[in-house]
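Labels for the chains are A, B and C, by order of writing; each one numbers its residues from 1.
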Amino acid sequence: MADERFFTRTGPYTLRQLAAIGGAALGAEADADRELHDVAPLESAGPHDLGFLDNPRYLRALADSRVGACVLRPGHADRAPPGMALLLSRQPYRSYALMAQAFYPTPPVQPEIHPTAVVDASAQIGPDCEVGPGAVIAALAEVGARCRIGANAVIGRAVRLGADCMIGAGTVVSHCLMGDRVILHPGVRVGQDGFGFAPDRERHVKVPQIGRVIIEDDVEIGANSTVDRGAGPDTVIGRGSQIDNLVHIGHNVRLGRGCILAGQVGISGSTQLGDYAVVGGQAGFAGHLRIGVGATIAAKSGVTKDVPEGETWGGFPAVPIREFRRQSALLLRAGRGKGSIDD
Amino acid sequence: MADERFFTRTGPYTLRQLAAIGGAALGAEADADRELHDVAPLESAGPHDLGFLDNPRYLRALADSRVGACVLRPGHADRAPPGMALLLSRQPYRSYALMAQAFYPTPPVQPEIHPTAVVDASAQIGPDCEVGPGAVIAALAEVGARCRIGANAVIGRAVRLGADCMIGAGTVVSHCLMGDRVILHPGVRVGQDGFGFAPDRERHVKVPQIGRVIIEDDVEIGANSTVDRGAGPDTVIGRGSQIDNLVHIGHNVRLGRGCILAGQVGISGSTQLGDYAVVGGQAGFAGHLRIGVGATIAAKSGVTKDVPEGETWGGFPAVPIREFRRQSALLLRAGRGKGSIDD
Amino acid sequence: MADERFFTRTGPYTLRQLAAIGGAALGAEADADRELHDVAPLESAGPHDLGFLDNPRYLRALADSRVGACVLRPGHADRAPPGMALLLSRQPYRSYALMAQAFYPTPPVQPEIHPTAVVDASAQIGPDCEVGPGAVIAALAEVGARCRIGANAVIGRAVRLGADCMIGAGTVVSHCLMGDRVILHPGVRVGQDGFGFAPDRERHVKVPQIGRVIIEDDVEIGANSTVDRGAGPDTVIGRGSQIDNLVHIGHNVRLGRGCILAGQVGISGSTQLGDYAVVGGQAGFAGHLRIGVGATIAAKSGVTKDVPEGETWGGFPAVPIREFRRQSALLLRAGRGKGSIDD
């Protein structure tokens, strides 16, 4: 059970309610009126808990579990112990996530502008916003309804936030237009100058960075990540993209919809990622590349060329993943002292 | 055209004025009295815009452009369409940068110490400074003329800033002496303890870090980068160095003049980079190294040895770039399933 | 000598006092009543300074030094010049660290809650705490005795800090229980949501992150590092662990006691490091791994498998270090254009 100091649980919910929330079907043995009180991992769950099985690696945990009900794929139903209540879904993790959101909803915004917040008279704050202590909202900024601006966050001049955005404590945003339901975790930096200058031994000459950052709806950006504004064109983070902590996004970069970037990824200026691209941790991209729709980049890769749609690449310089696997196999054999690469 | 909510354009400027600003010469077909109103990329520029050509890759864009005037090398002049006004420079990007600064100057400092800023009575604030809401300037700090201290930034005890420095919102500086025209973007951390301790299984023992950070004139440090203070000697960032976002600089590191560090670079303690060293993104350096004047380190390299003056190195462990290219060629061949390295 | 603007030195100390402080023995030629006034590197030390020798690389500096007294291993005593006062220790760097702490103690906490700090009425602040300007301490938080909360730091709802913790300026902590003597440098982010969602092309679905961050006694975390809270289990940083700058620690990660993580390391969700694990800079870990007690991971490694207790691994994918060395040797030979790997 989650620590009550930090989390507020709702419920209980009947299996019928949970099935509806998560888009799941009740299994044959499930009593639709049975109430569950919490979520828990299969190993530690008790008869009042909801659990889930997605990765088949955990089938053994399923067999031994005392969970009250389990969300799983129809194809795994026969692996559950007799009598276990099942909630059947083709996307069990997604269904479980929706049910878990019901038990642990995002804490409601507490509409208040804290008296120590500094909100410029020309800024427009929508209804029911929560603006924390020491937060600063500069001139001409527009904040949509029900936004939460964390303590000591800074929203720069003329920045626009849509509705239901959550800006973490200490986060700084400038030169940015943001959609609805955007989450910026603590310490995110959006909108500062890109790394643009004409190199010169006497003195590097800064090139004015006159683009913006456009963050579309439902984007989430992790703690201490940085998104530079465009040099002339805009930097764009496409709808629903998920960005982890300590990620660096250079000027003019464009992410499509639903991209996923793991921690400490770096994207150099003007590179574009197509919709649904997925990038593993600590990968880096040279500038001016085109990464295709649905491409996957392995962790720690260094991408120096365009990557076609739907392909998976890895290594440095990054190559199609089957080539990277052969490269790794060569190195692994060499490491074990085994003959030549012709083996 | 830049979004007027965020950027203020000046002008128009005549070609004569622009040539003087950028150190360029007027081409034969250029009307010195013609006025331009804005800057724009060659592809989208119109007859009132200034554009530039540096990279020959964009020669085709030049041929098709409707730009009002183009800054380019004398050697590219004959590739421009007949009648296009030209501004000739051997450093076209540098010339363009200066002209663009004229159109889009850095917004002037708004001299005011915000009433919510906390400035210690013993701190000295120079004339015409802008100190934002919630900014903190501790005892004995000295801030030169015309500095801008962003909202919620924290300037520690006895820190010294020269004139015309810009400290981003939420930035924290301690144990630091800074020259003129230094720019620290939001979230930069300067002057905290280096990673110094005597390892011990009972309890690691911290070694007092009693050096400072010296930041020379015209340095720029990107968002959320960190610069630890020296352990005994100082950490030094040489004049005019340009540091991108999320860079880590350990204690006692010394950067020479005009160094360029791309995003997410990490430099371990006591390593020294000579003047004008250039380092690609995500590269890392072991401690106690000497990197020569004008050396270039490729992105993602892991540098474990000294690098001689003027050389370009890459890979991990980093080697001269021609050796790294051969290493990559070996791997690429192996990845394609092609024979041995003797091919 | 350290810059008096930033550092306060105490002393002088007699060699007898220093030997007792550092657990060292007086050498034959050392006058126990001799007083030393400062610490300094062997090369620049004078007769009133304390120095140390740990790495034999610096034996030449010892021979030439004018240092007042030197901490070193008994086995190095005969390499010191005749007449030099010696302080003998089997852990000379540790002994020196303790003596240096005597000369340069951590500045005492200045008990005061700054009038601009925002401390919720329900928060409990222990005796003799220093809460800086603009710091925010939310409802139900508990802060132990003698803590220092930096300017503009934010301590979230119900967070608990033990005694003698130091929270840097601009640092943000939520959903966290912390032991005694914890140091979080400026810009650290603790307790935000982990990177947990069910991927879905329509819209990625967030999974509530209902665990905490547990930081045990004597942990130190470097500037701008991030520690996400657990998804259900807790994220745990074991007693005495030392974490450098810009490190990313994912949800559910567990570090044992006394771990050492260099700059820009990234650890994916649910990976566990045993006690005393040591990780070089920019290394990364896949999720769900077990790294054994006392394991060492080389800088820039990409760890994709469990690492046994006490072993040293390196490379990507990481392998035992002797294998990684053979891999590197292969590449280095290939880079020099020398024959096949059968050479």
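Remarks
Everything below uses one rule, namely that a contact is a pair of C-beta atoms (placed from the backbone, for glycine too) under 8 Å apart; a residue touches a chain by one contact, two chains touch by 3 or more.
The shown structure was predicted, so the numbers you read here are calculated from the model rather than taken from an experiment.
Hopping across touching chains, the smallest step count from chain A to chain C is 1.
Chain A and chain B touch with mostly distinct residues; of the residue numbers seen at this interface, under half occur in both copies.
Rounded to whole angstrom units, the spacing between the C-alpha centres of chain A and chain B is 29. With touch defined as above, residues shared between interfaces to two or more other chains in chain A number as follows: 116, 134, 152, 170, 187, 224, 246, 264, 282, 331, 340-341.
Listing the residues of chain B that touch chain A in their complex gives 2-3, 5-7, 39-41, 91, 93-94, 96-98, 100-101, 103-104, 114, 116, 132-134, 150-152, 168-170, 183, 185-187, 218, 220, 222-224, 240, 242, 244-246, 258, 260, 262-264, 276, 281-282, 299-300, 328, 331-332, 334-337, 339-341. On the side of chain A, the complex with chain B involves touching residues 116, 118, 134, 136, 138, 140, 152, 154, 156-158, 170, 172, 174-175, 187, 189, 192-193, 195, 197-201, 203-208, 210-212, 224, 226, 228, 232-233, 246, 248, 250, 264, 266, 268, 282, 284, 286, 302, 315-317, 319, 322-324, 326-327, 330-331, 340-342.
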